[in-house]
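So the structure is just underneath, and the comments pick up after that.
Chain IDs A, B, C and D follow the sequence of writing; residue 1 opens each chain.
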Amino acid sequence: MSREYQGSDTVLDVGGLKIGGGTFHVVAGPCSVENQTQTLETAKVVKSYGATLFRGGAFKPRTSPYDFQGLGRDGLELLKQARAATGLPIVTEVMSPQDVAMVASYADILQIGARNAQNVPLLAEVAASGKVILLKRGVSGLIDEWLLAAEYICVHGNSQVILCERGIRTFEHACRNTLDLSAVAVAKKETHLPVFVDPSHAAGRFDMVIPLARAAVAVGADGLLVEVHPDPATALSDGGQQLKPKQFGQLMAEIRPIVEVMGKQMGGG
Amino acid sequence: MSREYQGSDTVLDVGGLKIGGGTFHVVAGPCSVENQTQTLETAKVVKSYGATLFRGGAFKPRTSPYDFQGLGRDGLELLKQARAATGLPIVTEVMSPQDVAMVASYADILQIGARNAQNVPLLAEVAASGKVILLKRGVSGLIDEWLLAAEYICVHGNSQVILCERGIRTFEHACRNTLDLSAVAVAKKETHLPVFVDPSHAAGRFDMVIPLARAAVAVGADGLLVEVHPDPATALSDGGQQLKPKQFGQLMAEIRPIVEVMGKQMGGG
Amino acid sequence: MSREYQGSDTVLDVGGLKIGGGTFHVVAGPCSVENQTQTLETAKVVKSYGATLFRGGAFKPRTSPYDFQGLGRDGLELLKQARAATGLPIVTEVMSPQDVAMVASYADILQIGARNAQNVPLLAEVAASGKVILLKRGVSGLIDEWLLAAEYICVHGNSQVILCERGIRTFEHACRNTLDLSAVAVAKKETHLPVFVDPSHAAGRFDMVIPLARAAVAVGADGLLVEVHPDPATALSDGGQQLKPKQFGQLMAEIRPIVEVMGKQMGGG
Amino acid sequence: MSREYQGSDTVLDVGGLKIGGGTFHVVAGPCSVENQTQTLETAKVVKSYGATLFRGGAFKPRTSPYDFQGLGRDGLELLKQARAATGLPIVTEVMSPQDVAMVASYADILQIGARNAQNVPLLAEVAASGKVILLKRGVSGLIDEWLLAAEYICVHGNSQVILCERGIRTFEHACRNTLDLSAVAVAKKETHLPVFVDPSHAAGRFDMVIPLARAAVAVGADGLLVEVHPDPATALSDGGQQLKPKQFGQLMAEIRPIVEVMGKQMGGG
C-alpha cells in the first residue's frame, strides 16, 4: 500500500462513485439500523444535505452483552431498501468471518470496526469478498499496525481499501477518544489509499463533531463518516454522539468551503 | 461473574487439576509450536521444573502478514503428542469462530488472545465449546471491558473462565507493555474467577520476566503463563521474551516461597 | 475563566495587537535563540511572511542535563534586539520563579512550558508579573488540569491567559506527541480565553507541521506557535521539527484561506 | 547513576539509617500535615508498626487553586516535633527553588513530587542542599526521563538519590494511576540507586494499597511510601487512599515475610 510502489493516489469505484483522488465524500447515517421509518427517513435527509453514501449498523459489536446487538439480517434488508429509495451505496460493518458472504450480498462497502482491526481471519475473509473495505484503525492501534492490517487485506488479493481514523484511547476523557489527525497526515504521506475520518466515534458527544469534521477536511482527509439520527435522544445506541438532521446540514455547510480550499470537490457536486 | 452473586472463589477442573482457590499453577511453553523436537523437549523440561499445564501457539495472530503465522492443525497434533508424553493439559489460542470446534478437539483450555478480547462472535463460539476459557485482557482493554467479555462467555452458557492480565499499551516503551498488577487486585476483588498473569508478553524481554512473575504472585494471582523455548535465539516468534529452560527453573525456584507466603500451594505439589 | 461568568471572548492587548476575538495570530521563531545572526534573520523573515509575534527560547527545559540549556540572559538581549529591528512582540519561556521579574523585563508574553503546566509556585509568580501568559497544556495534562492551571493564574490576579495545546503523550510514536484538537474545541466551548496550537512540538517532525496547522485553524484555534530556523540541520535543539523560512511561507499561504473561511482575519492584515 | 560506572548498590545514610543494599524501609505518614494531634499521633502509631521514616506534606501541589494548599512552615514545625517525639527522620516535599533552604533546615530527605519531575531549576536547587533526595517519577514520565532527572541532581554535585515509582497515567481508571512495577525492575537493573514505590498515590484507593505493596516488595523495591491517617474520612486531602493505622499494621505484617523471601531485612529490625 506504500507510496514507494505507487506514487499516485488510489481512486476506488463504488457503483460509479469515485473515492480518493480529488473527490470528498461524506458517509452518513445512524449508528444502528433500528426500523424502517428511521432508516429511510435518515437516508433521505442525509442525501438531501449532500451525503453520497449511507451507513448504518446491523451487526453491533457492543462492549456489554446486555446492550442492543443490532437487527442482523433484518437490518441489512432495511439498508437495501434505503439504497433502493435513495441510490446511496451502503457501508455496513461485518464482525464475523461466517457472515461476510451474506453481508457482502447487501453492502457496497464492508466496514471493519475498531475492535476487529487486528482480526486476521476476518481481514482475510473480507478481502476474498472482492468488495471495497473501509478499515478502521484500532482504538489503540499504532499507525503501523493499521497499515499492516491493510496489507493483510492486500496479500489476500484485494487492494480496494479505505483507511479510517476514528480516535485513539488515551488518558484524556473529555471526549470519548482522542482524534489523531496526525495519523491522517502520516497515512496520506506513506500510502496511496483514501483516508477517511469518523469524528462521531472519536468525540462521543455531538457538540464536538462539527469542529473535528472541519479539522479533518483541513488536515487532508478524503472523506468523513458521520452519525445522524432523526431523534438521537431515543437512539438504541450511541445517542449522545449522533447529529440531528439539521446539525448534519450545518456540518455540510461548514466543511464545503474548506473542501474547496483543499482543492477538492464534494462527491455529490 | 461478580462477587455479589458468588462470594467464594470459583475452582475450575481441568483433567483433574483444580484451578483457582488455594492452588497456584504455572502454564509454560513456547510462543509458537515449531516442530516435534522443540515441542516435546520443552514440554518435558517445563514439567520437570513444576509447570502443570503446557502452552504453545498453533494459530498465531501476527501484526504483519509477512511474519510466521503458525503451523495450524499440524501444530495442534504436536501439542497432543506433548500431552501424551507428559500428561500436561494443553492451553492454546483460537482466533476464528470457524476453528473453535477443531481446536477444542485438541485443547484442554482455549485461549482468547489480547487482539480478540472484544471479538464477540468468537467469544460466543468458544463459550459453546464447553471448554475452560483463558481470556486475556485486551492490550488497551479497560478492566470493565475485560470483565464484560467474560460476561459474554457467561451469557452463552459457559462460566468456566480464567482471566489473564498481560500488560497494557501505554506511553512507556522500556518494556513492550506495562504490566498492570492493580488490574489483578481489582479483578480478584470484583469477581470470583481465577486470575492469571502473563509476564512474558507484558515484558517483551526475558530479563524482566522473573521479577514481574514474583510480583504477580505477591499481588494475588492464581497462576502464570510463561514462555519458554529451548533456544530463544532461533525462535520463529517473540524470541526476545522467551526464557531458556534454566531461567524457567530459576523462576519456579523464586516464586515458590512467595506462593507459600500467600497461603497457596503449587499445583504440582 | 468559564463561559458561565463571561460569555464573550476575551480579547487581550499586546503592544496594540488584539489577541482573541476575530483575529488570528502566528507566533514564529526558532526553538532556541542561538546567536545574533540567527535571531535577527529569523525575526525578519517570519515577519515578511506574516507572523505577528516572535518566539525564541533563552531558558530551555531539556530532558537531559547534557543537552544545550539555552543562552539565558544573553538570549533575552538578542530577543530584545529582534523586537527593536522588527516591531514584533516577544514570546519566551520562563522556567523558574526567581527568573520571572528578569524575563518579564524583556518579554511581552511569558510562556509556561508543558513541563511546568502544574508548577504552582511558577504560575503564581508569572501571574504577579502582570504580563500576558501563554500557558501550554502539560504533555500528559487533562483538559481540566490545564484549565485549573489557568485558574491558578487568575486567582493570583491576572486573567490575561492564552491557552496553548501542544500535543499529548500517547502510545503512538509516528509523531512525537498526539495533537489533541478536540481539546481546542472543548477549551473554546468552556472558556472565553484565546486558544493557540503549537503543531511543531506536537509533530516533532517538520513534514507534519503544515497539515496540522491547517487543521488547527479549522478546528477553531485563535493562533499558532510555529518553529522556524534558517538552517534546521544545524539547530542546537529540535532541528527535526523546525521549518525552513520557505516552508513557513508555504504554511502561511495554506492557512490564510482557512482563516478566512473561519470568519477571522490574519493579525498582520 | 548507571551500573556501568558503579556495579554495587548505593547505600545512603540518613541519620544512621542505611537505605539501599539489603535493608527495606517503609516511609509512612499522612498526605498532609494538618495539626499537631494528627501529626504526632500518626508518627507514633506508624513507628509502633515498624515504619522507619515519617512523611507528611506541608507544601501541597494541588491541581485546583481552590483546594487545601498545605500549612507551609507551620507544617514543617509539626514534622520537627514528630521527629523529636519518635526519632523518625522526616521526608517532605519541596515545590519551589526559593523554599529549598528553608525546607532543608527541617527535613532529612527532600521529596521531588511527580509534578516537578522535570522541574530543572528545582532539581538543581535541591541538589545543592546536600540532602538525600527522594525523586518521584513523573505521572507521564518515561523511565529514561526519570533517570535523566536523577542525572540532573548528580551533575549538580549530589548523588544521594532515591528513585520512587508512583504510578503512571494511562487509559485505565479503576485505580487513579497504573503502578508500573516493571519500571522498578528496569531501574534496579540500570542504576545502582535505591528504588522505592508509592502504592498509595498509584492506587488512589485504600483497598488496593496492600496488594500493590506486596507486589512492590516482590519485584525488588528497596522501600515503600505509604499514606496513613488516623481518620481518613476527615482528611484535608486524598482521604480515599490513606490507610487507617490498623490497616497499616496489616500491610506491615503482610510485607514482612516477602521482604525475607527477597533476602532483605526490615529497616526497623
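Criterion: a contact is a pair of C-beta atoms (placed from the backbone, for glycine too) under 8 Å apart; a residue touches a chain by one contact, two chains touch by 3 or more.
Computed from a predicted model, the values in this text were never measured in an experiment.
Because subunit A and subunit B carry the same sequence, their contact can be compared by residue number, and over half of the numbers here are used by both.
Of the two chain pairs considered here, C-D and B-C, the higher C-beta contact count falls to C-D. Greatest centre-to-centre distance from subunit D is found for A, with centres as Cα means. Look at where the CA atoms of subunit B average out and do the same for subunit C: the two points lie 49 Å apart. The mean-CA centres of subunit C and subunit D are about 35 angstrom from one another, to the nearest whole unit.
For subunit B, residues touching at least two other chains, in rising order: 140, 144, 169-171, 173. Chain contact topology: the protein chains form a complete graph, every chain touching every other one. Subunit A contributes residues 61-66, 69, 95-99, 115-116, 118-122, 138-140, 144-145, 148, 151-152, 155, 169 to its touches with subunit B in the complex. Residues 140, 142-144, 168, 170-175, 178-186, 188-189, 202-203, 207-208, 211-212, 214-220, 257-258, 261 of subunit A touch subunit C in their complex.
Residue ranges on subunit B touching subunit C, taken from their complex, read 140, 169-171, 173.
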